[in-house]
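Here the chain labels run A, B, C and D in written order, and each chain numbers its own residues starting at 1.
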Amino acid sequence: MSDLMQTFPIRRIVEHGPGVKSFYFDKIFNVEAGQFINLWIPGLDEKPFSVSSITGDQIELSIKAYGPFSKEMMKKKAGDYLGIRGPFGKGFSFHDKALIIGGGIGIAPLRILAQKLKEQNNTFISLLGAVTRQEIIFSSWWDSLGQRHFTTDDGSLGLKGVVTDVLPEILKMNDIKYIYAAGPEIMFVKVKEMIDPTGIPYEFCMERYMKCGIGICGQCVLDGSGIRLCVEGPVLNKEALSGITELGMKHRDASGRRV
Amino acid sequence: MSDLMQTFPIRRIVEHGPGVKSFYFDKIFNVEAGQFINLWIPGLDEKPFSVSSITGDQIELSIKAYGPFSKEMMKKKAGDYLGIRGPFGKGFSFHDKALIIGGGIGIAPLRILAQKLKEQNNTFISLLGAVTRQEIIFSSWWDSLGQRHFTTDDGSLGLKGVVTDVLPEILKMNDIKYIYAAGPEIMFVKVKEMIDPTGIPYEFCMERYMKCGIGICGQCVLDGSGIRLCVEGPVLNKEALSGITELGMKHRDASGRRV
Amino acid sequence: MINTHFLNIELKSPTVLASGILGLTASSMQRVIEFGCGAVTTKSFSLDWRTGHKNPSIIPFEHGMLNAVGLSNPGIDEMVKEIRLFRRQCTAPVFASIFGRTLDEFGEVTRRAAEAEPDMIEVNISCPNVHSEFGQPFGESCPDTAKITQIVKKHAGKIPVSIKLGPHGPGIGKLAKICEENGADAITAINTAGPGMLIDINVRKPVLANKTGGVSGPAILPIAVKSVYEVYRSVKIPIIGTGGITKTGDAIQMILAGAHILGVGTAVYYEGIEVFDKLNKGIENYLKEQGFDSIEEIRGAAHE
Amino acid sequence: MINTHFLNIELKSPTVLASGILGLTASSMQRVIEFGCGAVTTKSFSLDWRTGHKNPSIIPFEHGMLNAVGLSNPGIDEMVKEIRLFRRQCTAPVFASIFGRTLDEFGEVTRRAAEAEPDMIEVNISCPNVHSEFGQPFGESCPDTAKITQIVKKHAGKIPVSIKLGPHGPGIGKLAKICEENGADAITAINTAGPGMLIDINVRKPVLANKTGGVSGPAILPIAVKSVYEVYRSVKIPIIGTGGITKTGDAIQMILAGAHILGVGTAVYYEGIEVFDKLNKGIENYLKEQGFDSIEEIRGAAHE
């Protein structure tokens, strides 16, 4: 691991469908499930991305095309050098009888979580939702892991609908001791409303605009708690989340304004 | 050991006689026989001094009053802080059946050499000369080490005369396999004339004006060989010494001039 | 804890959060206070918000850090809100760091910042990352420094003002003197050094989006100590000694050079937010071991 | 070994011994050449000998080195002898580094140094340790820089001249341009940064006898890279990129920033005299791995 900027070649690219790809690099460091790296496209920008798997001697980043940065990533070829700093932050803790809830490309950090849970013989159910089928990356791999539920907005994979449509049923039918979530904050806010009354403890992998990744610029600090998402997060547990006054609300942009 | 400047209190002072003292510091580093440290008197100057012994958990510096620096040292009290950087350079190698030849305060590095030779059960004879008795520091300790010969210019201890007066006799009467020398260069030049024909290998601990002590300023570099006395010395063996064209000649002062 | 007086302000410890580090919001600054920090400085702000430079904008190298944040800030309205919020939540002093693009803007930002009643206004005239936009930093010109000090003092009212200087330019001692003569109440020294550049040898491009960035952290400690020493020699007003302080020994060096209180920035990366507690304890131990009762007894001692 | 052309001079490698390091005598310089160094620069010398500052004059700190040697040197007579001796013993190029206390002295030292027929004369106008004696370094004033370049060029005859600049002052790009316009054949960038100060916390005194000293070594690499980048952008004459080069990656960064050949000083302390061989091999390997045939192909590549 290195906080210093180093560049590495992309070893391999997997296309999950239009605008969703996984990029593989040599496993240049160890990484906990939920940690992220800062990815630099030379000449363009640097943004945080979750490590989505450790597969053999490679690490994987899974990226969905949104704006300038992620769209530029779609043009990258194997052999291209990109900057990687990290891994940063604190990841998930491990628990048995878990429910994994993911939305869209937020599934990325849950993939490595599932890998690690399995390695340690923890059982879990997965509930993954997205706009359309290619965003549920590695859907057949998830199939192989045991009980899983997919939802898509367009019904192209699994149930037509969103994760919160099936969540109550899953909670009723299973003995869930721990919940992991990652994905859009608005999804999590709705999930939280449903699970808070159950008393089940949980962790959520959050996203914020980041600059330094190393806890000094203050860009990712959460209102209410003063938590630096890049150091004390990006995975926060129930207690940490309860102190945050900005959950599901406005975020800070590059200037630090709430937008 | 540290090349960085650090200050330490003098723990103890032993006066050998007017103008010759030993100063003891905590053993803040390991040191080879023949290595030196740079001693800083804050506000005055910094000069190189041989470590003259490791005694228990203390290191010893033995200093004779010559000019401004060493005279200022005579005023120092236990508890005063002085800067010490080092140890620097390469020390003596160890050999059995040795002859140790010292002149004046040049005896200092030979004391720790004798300590180490003894620790390793190497036998040696010592031949120590000085202007007057107090300069033969720890004379009774030398007595205890076995065969020893003292000379003083004034006859106040041992034979009246200089080391080269007795050297031929010692060489004739003993089976000497290795010679160590330290002291005035002019003494060594004369010793060298006597021992070169015998073919006995030797090492000499040399002195030059030094600035950095760490091999970059070039101040202590010896003509002919390019040897940096502070790094490749101060102890040089026969081969190294044979490459030096300035032995017993002019030295360089602070400006770098030969004076 | 070593209580410290500084410009009639009471600090619970002599360590201060430097500008640009975790100083964007009340929540963030309060958290730092909980770790023993004696006072916080906000991120430097201007009238209007600024996005600053693209990323990478903050990059550690082996011996310190480069940054070219580009004075990104949410603008005065938002920052005044955060300062007020901090005031309500927390009794520790807060210093408002401000900058402007023009002389008038310096005055206007000061006037508006003063309304939030910070304990001090720190005037950043020495950011090395905004050359291309503004030419040389104001703080490298003696006449500009004089004029900014005047205008800021005029608009600050009863709130004390510290001018933040960089290590380069026409001599920091001379600049500090100019600040003092024009009414500054304190000097903050130093801002980042350099600037510097890092180039990635595989992609063969500068790493920082802005190409160059100011150097902070351990690499600049000797430059910061020397700067504070020089300022102490030329002015009587107190100094916020900043630059490269990571360990206790660094903090002591700064005090011996003449610092009144200590700005700590990059060390938050090296040592965590705990660095404030660590430094405070270290300074306390040093004073005890060396037989002193207070920082005052050793301040500037290296000048004797 | 990578043969390198520089100002019609042939070097067996692109690494050059920087001025002030092991450059006092022919014996010393020859030894460095044996370790793969491509050319040597002498210690800077003046008409008369100078004792320089008292010791400690050279002190490593955790991230580099401080030095305030004070331009000690044995004077031109002795140095001319050593250069001639080196010429007789060794075919590698030698650069004579000179300085003066006045404009006329710069001219006179150049004239006399030229008689020893060094391969280049390097003009040190940027030593930060002689402020108190001479005021600000000449190299921080644009008019002085212009005048010194002119007078040195006038007296150097056919021997090429490089002006050695420091990282601070009115902008190194601007200064380099002035040198070029006034006839300089090359730029050496940079001299030491800072200056800086270290204070011992037990005796509470600055460690260097001169109190302050120039900063060299790893701590200043980003500042040196940035300086070379800026010089490359503003002039066409070649650059001896110097400052903080210790590892291969540092050397490559310098070349990508625009350096023609590489000055190496403090690294002799960190890596031993072997550093020249190590850097040469490292550069060779880098070129091979990245598919280049020569340094020319990557020089200044970070500007693209």
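We adopt the following convention: contacts are C-beta pairs under 8 Å (C-beta built on N, C-alpha and C of every residue); 3 or more make two chains touch, one makes a residue touch a chain.
It should be emphasised that the depicted structure is a prediction, and the values quoted were computed from it without experimental measurement.
Student: How short can a chain-to-chain path be from chain A to chain C, counted in steps between touching chains?
Tutor: Contact-graph shortest path, chain A to chain C, evaluates to 1.
Student: What are the chains that chain C and chain D both touch?
Tutor: Touching chain C and chain D alike: no chains returned.
Student: Would you identify the chain whose Cα-based centre sits farthest away from the centre of chain A?
Tutor: Most distant chain from chain A: B.
Student: Whole-Å distance, chain A centre to chain D centre, using C-alpha means?
Tutor: Once rounded, the distance between the two centres reads 51 Å.
Student: Between chain B and chain D, what is the separation of their C-alpha centroids in Å?
Tutor: Taking the mean C-alpha position of each chain, the two centres sit 36 Å apart.
Student: What is the distance, in whole Å, between the centres of chain A and chain B, each centre taken as the mean of its C-alpha atoms?
Tutor: Using C-alpha averages as centres, the distance is 67 Å.
Student: Where in chain C do residues touch at least two different other chains?
Tutor: Residues 61-62, 198, 202, 205 of chain C touch two or more partner chains.
Student: What are the residue numbers in chain A that touch two or more other chains?
Tutor: none
Student: Taking touching chains as linked, do they make an open path (line), a single closed cycle (ring), a hub with spokes (star), an all-linked set (complete), or other?
Tutor: Here the contact pattern is a line, an open path with two ends.
Student: Taking all chains into account, which pairs touch?
Tutor: After working through each pair, the chains in contact turn out to be A-C, B-D, C-D.
Student: So in the complex, which bits of chain A are touching chain C?
Tutor: 3-7, 38, 40, 42-47, 81, 83, 85, 211-212, 214-219, 221-228, 252-258
Student: For the complex, which residues does chain C have touching chain D?
Tutor: Chain C reaches chain D through residues 61-64, 66, 136, 167-169, 171, 193-199, 201-202, 204-206, 211-212, 215, 218-223, 225-226, 229, 249, 252-253, 256-257, 286, 290, 298, 301-302, 304.
Student: Taking the touch rule as given, give the residues of chain C at its contact with chain A in the complex, in rising order.
Tutor: It comes out as residues 20-25, 27-28, 30-32, 43, 49-52, 54-62, 69, 72-75, 78, 198, 200, 202-203, 205, 207, 209, 265-266, 268-269, 272-273.
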